[in-house]
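By written order: A, B, C and D. Residues from 1 in each chain.
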Amino acid sequence: MEPVYDLRSDNVGGAAPEILEAIVAANAGTASPYGDDDYTRRMNARFASAFEHDVQVFPLSSGTGSNSIGLAALANPYGAIYCHETAHINTYECGAPEFFMGAKLVGLPGAGFKLAPAALEEALALAGRGNPTRVQPFALNITQPTDFGTLYTVAEIAALCEVAHRHGLRVHMDGARFANAVAALRCSPAELTWRCGVDVLSLGATKNGAINAEAVVVFDRALAQEIPYRMKRGGQVLSKARFVSAQLERYLADDRWLQRARQANTNAAQLASRLTEIPGVTLVAPVEINMLFLRMPDAAVAALDRGPFRYYKLGRDVRFVCRHDQEPDGMDALVRCVREAALS
Amino acid sequence: MEPVYDLRSDNVGGAAPEILEAIVAANAGTASPYGDDDYTRRMNARFASAFEHDVQVFPLSSGTGSNSIGLAALANPYGAIYCHETAHINTYECGAPEFFMGAKLVGLPGAGFKLAPAALEEALALAGRGNPTRVQPFALNITQPTDFGTLYTVAEIAALCEVAHRHGLRVHMDGARFANAVAALRCSPAELTWRCGVDVLSLGATKNGAINAEAVVVFDRALAQEIPYRMKRGGQVLSKARFVSAQLERYLADDRWLQRARQANTNAAQLASRLTEIPGVTLVAPVEINMLFLRMPDAAVAALDRGPFRYYKLGRDVRFVCRHDQEPDGMDALVRCVREAALS
Amino acid sequence: MEPVYDLRSDNVGGAAPEILEAIVAANAGTASPYGDDDYTRRMNARFASAFEHDVQVFPLSSGTGSNSIGLAALANPYGAIYCHETAHINTYECGAPEFFMGAKLVGLPGAGFKLAPAALEEALALAGRGNPTRVQPFALNITQPTDFGTLYTVAEIAALCEVAHRHGLRVHMDGARFANAVAALRCSPAELTWRCGVDVLSLGATKNGAINAEAVVVFDRALAQEIPYRMKRGGQVLSKARFVSAQLERYLADDRWLQRARQANTNAAQLASRLTEIPGVTLVAPVEINMLFLRMPDAAVAALDRGPFRYYKLGRDVRFVCRHDQEPDGMDALVRCVREAALS
Amino acid sequence: MEPVYDLRSDNVGGAAPEILEAIVAANAGTASPYGDDDYTRRMNARFASAFEHDVQVFPLSSGTGSNSIGLAALANPYGAIYCHETAHINTYECGAPEFFMGAKLVGLPGAGFKLAPAALEEALALAGRGNPTRVQPFALNITQPTDFGTLYTVAEIAALCEVAHRHGLRVHMDGARFANAVAALRCSPAELTWRCGVDVLSLGATKNGAINAEAVVVFDRALAQEIPYRMKRGGQVLSKARFVSAQLERYLADDRWLQRARQANTNAAQLASRLTEIPGVTLVAPVEINMLFLRMPDAAVAALDRGPFRYYKLGRDVRFVCRHDQEPDGMDALVRCVREAALS
């Protein structure tokens, strides 16, 4: 069978070896169900260490579930949750956050697919606090990295959180590709989250070497109290939670999660560099993590569609997402395919 | 470390060897996310074969999610879903079914923790069809086995489904311990489901050797159409669904799922037999699968609490659930502990 | 046209003269919309005076809306609200309370269609506080009078509230026929509500001489804060609220609301007395307000169905509800009709 | 007491004389509750005549409730409802439509506060039909007139409905000021609704001389079937519905509703004409009905705030809404106040 080079998303890849080993190791003996087990407790301790903070961590299997639970811990049913209009929670979760919260997402525009503090400030000034005909501001969502592969700097996050907190909003970070952000910004998990004001983080490990392993990480103990009930009511509690907790514990146990993320980022940077040398190929968004958004000649797109490549189109643009273990042959073939079509 | 004998639930156990192997094997190469992959297609074919019927199967990680999605496929927001008052969906899912459906559960009493056709018939006669002040009957839930370890016979299920269908209700079966039912009743999966009128089955594999692997099995193609959207909105879609589908495919691939269920049932029967020989120990419910509900002298309960045993209490009663790999030493020790306390 | 005697419900009647006058009077000039008007402020003051307590009162048009808003102010989305299994909110509101609350009603049995403190105590003891698989107790609903026309004494309400408060539950009273209860018990509005522990009252005026005028009366200021938002989100805020507030203000302005209620109660008592003298006619529930539930010979029911009477049947029983302006001719005719049929 | 001139909204006014008379007349005798009465049947017939079409009409008291019920009849819980980003349902109903539908509003930009067919077409092309990660298009909302007082022509509505229906969407019209639109466009109710493709109309009478009287008007009988249940569940069913139905029947019984709307529109046109003659006063939106949005010198705004005027500000702009019975003295005084401040 001819190889297929898949650049659709980082979730088409498998599990890292040590993650699989952790699953196998967790199979020994019995354990309490529903997260009341030693694997989960060790995982929580691991997160506390990695984030240098007291944290309450809830393991689950779905990224959409993780965002929805993290947001629901912050929001009231008549609340408004502010996000960028292209935020994943606003576009690709089929209304799950609204379903779990009973609240309304308010999408704001912003350059680079990012919210700007001034735009948030202005939106909040016009939000109609105390007017019962208006949904009331409760929380801010920051998608880091964004769905278009751009990054907020630590300073940008701090500035957004400052505005949010000054207006009484709590802050949720959608970190489906948290590893790629930490790797690219060369900062610590703490610097990217609670130190600049994030209250709840939905951290994804699935796209970076785990198997359906996500975590709601709560930096304020008071916010964690309702989460077990909201998770159960939302079908997010895992019967054998130990098998997710064991993955998450192993995930943060050493530097490999960041090594993988760095490699994926590097693959994307190199692919971008090689593709943009080709006439007619331009970046739609800066390449800051492992995602590329490109515009290219129609002939090149047609050629890609004939080749052994899988990728997504967004209107006229193409999207490539690189995994840490992206096949070098595949990337070479892709560059060759685009170059030949563009030059012919 | 002294051994602990855990009889709280069958979900305290681990994964069967071949299930773990299936996970490891599924780690080769890339695969489409969200269930659009070959593992999921093979799993669907396996279920079609095992159930001798065209089926649409949706893999997920949570039993509560599986029940909620299966029910939501059947119910309208102003609907009434009939179930036994002790049904798991009515008692131990923190309102998840109502949350996903937007409908109301109507719990009916019934001997043996089971619904009786006549009671359902009577409830439906008084339900106020067409009266907008009343929630409107939409579906019937049959929990098989019940939460108290009792079983509906195939004829009993058929009789309930006949009443339900005659009144325009669809039928959902909560099969969290479906294997134990099939093993105990010595019938085929088909006989226990669509052949007697079940429209949607929530089949659990987690309690019988899988890792967070559940399936919504739809026997009527029309009912399956909305499920992908409802799953996404409910945070039930798995990014790397192949790892759940691979388990489910392997689960039904040979007879081992039933062997394990039979062994678990046998363990419970033997434990019941030995314990009820002890003066003062009586069954609260018949032992038909791998669960025992017993009343025993206070001294025996106190002795159990001092020993290396884990189990649940329900008011004055105690509950033991046996796994297929329940430690024989543990069962011996438990019988000894109760006998000595009861006789002293 | 031959007269029709309607005993279906007290909401088949019209408005009292002074209530209509209040509507007409409120039509002078302009007023702020949405309840921010002087009519509403005067109404609030009137309620404070009538209830001898600081109260926050919210005018609305629907009794179901009033119950749902009053309950939603007390409940969390994973909450359990305890009520009698025959409570109106549990049987005749098509799931509205659950819709507004996102919570679950737990219906308990109880003699006389009333909750007993011991039954509530026992249910709460088994409720699984802190167990995320269980909906968590948040509130108690007392339907006073009950849907079967029975009454809680002040002492009974106090005892229920004591149990509820001791377990951390807030108390909601469904007072759709509050006037009939106050009239029958010869107590003050205060004695029947906050003095014995009621936190929120849904007071209905519609069944006793008003036009779609209901009030959510909150006795604890903290509970009132979310109500304006929940009302707006639930479509319960009235654009020209002054026309409801003016009714409610007038309603409590003098003794006529109680005079009407007393007369309705008296009508029912006399009707009961006359009917139960007839052989074969027996009361199903004691007649404590303006409602009668009777069992009577089939011939009598058949005769009623041929006559100019309107009433409801509940299974084998018949229900009559008396208005304050129930036509004496109609009651005479009804007694005559039943007597002749029963004796023939 | 000095007069106050209130230009905040048309709902600060009272009821038209014939509407009040209709309420008083409806007080005779008894009537079935919940809309099963002759007043409601006559009202339905009146609407059928006025709209020249078989219609199902549901009376209610809240405009927000009317929009929410009308939309919920069209939408699925994972649905997307397209509207202009400034649509009332998207901005001033505190999330009620989402609450009733369980679906998501998708706000689109558009000149003149109106949706353009091309923009809708483009949005639908990118909506991801059949992709479970995306909310699925179900309905279109047209707010006619818009919240900024602009109007869609009949041709514009027809063009939007054509796009919507071609993509399988149903169309809801928010007609809170339907009378003003009909009056301004000099078309018939039929021409503005079903003849150009509207499936459900939420018609408001409250802002044009009625008392909390709104109607959900359904032009396709199949869409009406669920509405009674959804209304009851949403607390929108009125116990004494006859008093709303009687208003609605009288409202459409002759030409007075349009006379009032025409007068209100004329008042606004004249006020706009006089104000825009003043230097520094400009229109923010064209004046097509009874609403004016103006930008004016700060000194003029300050002067208005000192005078006996009530009006709303939206950021830097001011909004005036004229009633049919707007006081001429008040409009003169307002013009004088602005002119003097602007010229000083």
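The working rule: contacts are C-beta pairs under 8 Å (C-beta built on N, C-alpha and C of every residue); 3 or more make two chains touch, one makes a residue touch a chain.
From a predicted model like this one, the values you see are computed outputs, not experimental measurements.
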From chain B, the most remote chain by mean C-alpha position: D
B-C against A-B, pair bridged by the larger set of C-beta contacts: A-B
For chain A paired with chain C, centre-to-centre distance based on mean C-alpha positions, whole Å: 51
Intercentroid distance (Cα basis), chain C paired with chain B, Å: 41
Whole-Å separation of chain centres (CA-atom averages), chain A against chain B: 34
Contacts with two or more other chains, residues of chain B listed in rising order: 77-78, 93-95, 99, 102, 132-133, 229, 232-233, 237
Touching residues on chain D, where the partner in the complex is chain C: 4, 6, 8-9, 11-15, 20, 23-24, 26-33, 61-66, 68-69, 93-96, 99-100, 206-207, 211-212, 229, 232-240, 243-244
Residues of chain C defined as touching chain B within the complex: 77-78, 91-95, 98-99, 102-104, 126, 132-135, 315
Sites on chain B touched by chain D in the complex: 34, 76-78, 102, 132-133, 136, 226, 228-233, 237
